[in-house]
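You will see two complexes here that share chain A, one where it goes with chain B and one where it goes with chain C.
Moving on, here comes the complex of A and B:
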């Protein structure tokens, strides 16, 4: 059931480099499961998290196939979060910083992600129950 | 009285400033605020008995110290090996605190 409350998270870490990415996805999942709306403002390298072209890969050292490795992708996790939000009646709004996207050519996103800028983050923070700013090192 | 939620994710052996973040928690508590020090990721390394004991000792009875059980499990830190005063928690509880009225959260 929707709580009517909203959590905004600002994230800067790129995929596959920091445990923080996994932690943030866990926090978003927990918030959505509790019926809270979640806003994410992805900044800098974090705009690559929802890239649609991410692909699972085999492990030639172990001789395993991509299917056997069952390698998770951050875009797959984020797709699942959008589905969880829809199923639970909460809203997930994921905004990728436009300038960060252009710098990186990171434009091919999964469904649900939209382009924005710092003004969106300010609006999100003003309208949220709480805001968590998660910087890089 | 405000509720401050200080979230420590940094490895106390890699960085020097987790001790200063704990000092901030102590200062806020001694100024009359309710303070929760939530340890997550490598931040939980400080929770082992005898490890960086001074960091948690100064918070005892003044600050609520919680450690993410998922982060503890990833690092093989069992509940019976936690320093005195540390309680296990999880991100569901973290979200509940974040969504409570008046909570001021800082990620480190």
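Moving on, here comes the complex of A and C:
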């Protein structure tokens, strides 16, 4: 059941390079499970997290195929979060910073992600119960 | 043949998404390509040598990470492949890790011995 509360998160880390992204996705998952709405402002490298063109690959060290390895993609995780939001009656709004997208050519996203900018983050923060800024370390 | 020492200190960065540690992985690939490479685990990376790690259970909505990373197993496989794995003794102690918790075959070296270890290799790759 929707709680009526909204959490905004600003995230900067790219996929596959830090545990920060996994932790943020876990926070989003936990918030959605509690019925909270979640806004995400993906800034800099984080705009690559929902790229639709991400693909599973095999692991030549282990000798496993992509299917056996069931290699995850962050875009797959984010798709599951959108589904969880819809199922639970909460809202997930994911904004990719447009200029960050342009400079990276990272334009092909999964369904649900929209283009925006810093002004969207300000609006999100103003309308949220609280805001969590997670910068790159 | 030239001897290489890879120094690994940045630990658990992207290991869940990658299902392994990228530096251990690429060094295993170097080994498979014929390189005589050893690894020195220091700082937080000494925890990679602790046996019995379990990273299972991660889910996002209905999406589950079915194949979690098994870093300790990956270190064991590197040893089996012929790579020497060193861990800095003081970094283990700082984190409360007893030598009995380490997987078999990991060589514990004191900080004072690290320079000597460097001298035993032709190139040092600090990741």
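Please note the rule applied: the second predicted complex is superposed on the first by the 137 of 137 C-alpha atoms of A that agree within 3 Å, B and C clash if a C-alpha of one lies under 4 Å from a C-alpha of the other, contacts with A are read in each partner's own complex, and residues count from 1 in each chain.
To be clear about the criterion, a residue touches a chain if its C-beta (ideal position, glycine included) is under 8 Å from a C-beta of that chain, and two chains touch if they have at least 3 such contacts.
These numbers were taken from a predicted model, which means no experiment stands behind them.
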Three-chain arrangement built on chain A, chain B and chain C clash or fit: fit
Which of chain B and chain C A:107 touches, first, second, both or neither: neither
Partner chain(s) touched by A:79 [first = chain B, second = chain C, both, neither]: second
First (chain B), second (chain C), both or neither touched by A:60: second
Touch count on chain A, higher of chain B and chain C: C
First (chain B), second (chain C), both or neither touched by A:26: both
Partner chain(s) touched by A:69 [first = chain B, second = chain C, both, neither]: second
First, second, both or neither for A:15, with chain B first and chain C second: second
Inter-chain angle, chain B to chain C through the CA centre of chain A, in degrees rounded to a multiple of 10: 60
Overlay on chain A, chain C to chain B nearest C-alpha distance, Å: 5
Set of chain A residues, in rising order, touched by both chain B and chain C: 19, 26
Sites on chain C touched by chain A in the complex: 12-20, 22, 25, 28-29, 32, 58-63, 65-67, 74, 77
Of all residues in chain A, those that touch chain C in their complex: 15-19, 21-22, 25-26, 28-29, 32, 59-61, 69-72, 74, 76-81, 83-84, 87
In the complex, chain A residues that touch chain B: 3, 5, 7, 19-20, 23, 26-27, 30-31, 33-34, 36, 129-135
Of all residues in chain B, those that touch chain A in their complex: 7, 9, 40-42, 70, 91-92, 94-96, 98-99, 101, 103, 105, 107
